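In what follows, a single structure is set out as structure tokens and then discussed.
In order of appearance the chains are A, B and C, and numbering begins at 1 in each one.
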């Protein structure tokens, strides 16, 4: 009976999120432009971080779909990012001569990254989604580690005859003018950066669009019903596997395109970059921003990506301070007294939550 | 469960703080006090030579100062600091202000660190200490036309323009502004194979290398290529990764079962120390041959040096050397860090002095742009000869690689002894 | 013969994972949280023992006891400061706090003890007549090598496992723990002090971490501030493999994980050893979704 109220509220919230992203983009573009000052007002560090921030924001949004909306803990999300990053970058380098323009090539790379990550998502989703809770979490961790190992041992080369692959030992014999694209543990080096802040911004909008549309559709409601009470949802005829797969694979695809965006904004890439710690980092964004709350993920991802850089003045104590900030923020956001105080301060009648605790009982 | 507002406020506050911290030039100029420590100690020198206005060069570098690789970053940083303190204390026209930023051995963070240094106004770059980050930062520095001399990032991709030993292809174009103080990985790998072959140290060779590490794999690849060319018999090749670098029983028994009489260990001393002790437990005693990353094994806190008895390694630096320069450096390093310096510290000490000599010879002044400095330094580096702690008569070619002869050392009674 | 050798080595590695997994599973079983800082408590314990024995020259046993004491205090303090305020919060919030705590311990250790590796002393060695140290028993003329550490680790595992099983099954406090694990609210109503019970769990888990740290470092001597993170993940994997919350499961999971890792490296590929371990884990969980010895949870409608 509160449904109509909830819907209108959610769509208001969604528009606010779009608005926030567009505003942030506009402000950053303005600050970075020569209109304010020669070279803009942004420090070189922040300027260099704009693309990674966009990539991490999309990663956080996509993981929030799995953790917040679907309610399953994933500890291997960096694996999808890795698949997208490597497939997208290889595609971008391989097409360098065919399509010299950066923009379209980036678009193709992101699509290819998303496509490969989708395949990985389907392959992984089939076994993973049969499990529950922490067992599911450990299997996603396991897949993340397996992807890392496989890419570490993968060699890709290119010559006039097309692409060549070898595994574990590099026994390729490339023809005249050949080039190694992916060199096993050495990764991909000398990437031409073609990712731009604008492309990242567009990708964030696309991710938001996809997620909001999914969440507010019939499928989305089915997914959230699964999260809140799987048995009840099943009993009213919701096909569990289908909807779980839908959320999981969408999340993987978005992570893949984020990976391509990230990789093409870096000038070198190695497989060990996308390890367990990166998965955890993205999970921290999601939990800190709030489960199921997309704008929260955006802010948390941006803030926590900038934070370690902003803490450089603490020099040796930098990461220590980072850890303390992380713990304090978690404690503060979950402190009942503080919560009560702020709830009174910003009292909203009948706050209806889109996101709820991760564990569906 | 639901105070979103609070979360918003907190994250918002963090973001605001973060943005303020990154807020460009104005904030940077009254920057961190700690980073200026070396400059502070040089204050009297500076004030005594005010005539040499604008002679303070801003020298920057990145390295892993926290995390698993922090030993290398902190050692290199301390080495550079000692050199800078010495130079500043001498007075003279050329003074340095040194700043090190943490890159946690990660390429993405290294680029951030590089950009931070750029915002600080860095003029000459000491590169990154480890290979993976330096591959990224060298590309940035090259694009910015900033001169870079890395102490210890030995991968070919740091310099670019070097043929891949396995496929013969040049995968990364030459980065003109990048130079190395250390041996390049392939040179070490092929020099090791040549040395083992020439000295007939072993007939059947086993190799254990770290398969997810740029340094280790780089040396292994060229070692394998050279061994094949020479006809050196490699009977066992096994690997490990960051996640499996505790138990080496499989690798050791593979080498043992295949009758390897010499074990080549292209890796850093940390895993090497474990391999040595586990070989002993397994009752396997081949000859061991290491690379420059093995240096430091003797000074590991609590290490049983008898395990390293007879280990051979190619290293540019010997902390037991009796020449005055090494003795003075080791003494200062011990006073500063409370331990014996390794090659990372010595390499970076040499880097600062090489840059110092080159700047002096070129008559450079600190008001020159990065590009002008870079051109002047490249001109000097490709023509000068440099004597340092890690080698005498070092020269560089335009491809950025250093030419110095590795010293073959063997460990006897817990100390290095020259092999020849 | 070489297979037997690999098997023994695998058990040596596995026993280390098992010891860590026992502490992990203990805390998980009661507090229902993945304590990602567990691996770092191991590291702290190892450092304490290292300084006690190497720097201050205390006997190994005193070193171990001191490490247990420090870790117990540390574990309880961490629980009080960082986890207790989140008792009512979603489980993921606690997970993130635990990760923050793990970062904190690693970085604090680096500042306190420098990142330079320390080589842990060989506690389990005999001295030969010629003065050299012997760390393994050669069997069949050296064709097989049984390391002392392997024997000690497996024995320690079995003892700890039996002790924990007895403790949780027979003692009053152990029963209180199980009650808290089943239903905190009901346990409270039965007069059990839930907070004290959880603190006790952390105290025991952390003391076990100290023992695990000493045994781990006795086997693989390099001690650095990040020493705990990799075995922490492996032990978590082992605990899930065996059925998380199950004490014998942690032991079995740990041993099997070590054996699989070594055999995969020996017979398939050292490059892919880690990937194979995780592949076996996935297959196992598909066949037995609650781990090897885990109890399938009845679904409540």
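The rule is short, and it goes like this: a residue touches a chain if its C-beta (ideal position, glycine included) is under 8 Å from a C-beta of that chain, and two chains touch if they have at least 3 such contacts.
These numbers come from a predicted model, not from an experiment.
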{"item": "Chain-level touch network, classified as line, ring, star, complete or other", "value": "complete"}
{"item": "Of A-B and B-C, pair with higher C-beta contact tally", "value": "A-B"}
{"item": "Rounded Å distance, subunit A centre to subunit B centre (Cα mean)", "value": "33"}
{"item": "Inter-chain centre distance, subunit B versus subunit C - centres from mean C-alpha coordinates, in Å", "value": "35"}
{"item": "Numbers and ranges of subunit A residues touching at least 2 other chains", "value": "145, 149, 152-153, 288, 316, 319, 333, 357"}
{"item": "For subunit B, residues contacting two or more additional chains", "value": "1, 66-67, 211, 241-243"}
{"item": "Where subunit C touches two or more other chains at once, by residue number", "value": "89-90, 107, 271, 274"}
{"item": "For the subunit A and subunit C complex, residues of the former touching the latter", "value": "67, 73, 127, 130-132, 134-135, 138-139, 141-143, 145-146, 149-150, 152-153, 168, 231-232, 276, 280, 283-284, 287-288, 291, 316-317, 319-320, 322-324, 326-327, 330-331, 333-336, 357-359, 361"}
{"item": "Footprint of subunit A on subunit C - complex, ascending", "value": "34, 82, 85-86, 88-93, 95-97, 99-101, 103-104, 107-108, 111, 233, 236-237, 240, 244, 269, 271-272, 274-275, 278-279, 281-282, 285-286, 289-291, 299-301"}
{"item": "Contact set on subunit B toward subunit C in their complex", "value": "1, 66-68, 70-71, 74, 211, 238-244, 246-247, 249-251, 253-254, 257, 270-271, 273-274, 277, 280-283, 300-304, 306, 339"}
{"item": "Subunit A-touching residues of subunit B, taken from the complex the two chains share", "value": "1-12, 14-15, 17-25, 27-28, 31-32, 34-35, 65-67, 101-102, 104, 106-109, 111-113, 115-116, 118-119, 132, 135-136, 139-140, 155, 157, 160, 164, 166-173, 211-214, 217-218, 221, 241-243"}
{"item": "Subunit B partner contacts - residues on subunit A that touch it in the complex", "value": "41-49, 52, 145, 149, 152-153, 157, 170, 172-174, 178-181, 183-187, 189-190, 266-273, 288-290, 293, 296, 299-300, 302-304, 306-313, 315-316, 318-319, 325, 329, 332-333, 338-339, 342-343, 345-346, 351, 353, 356-357"}
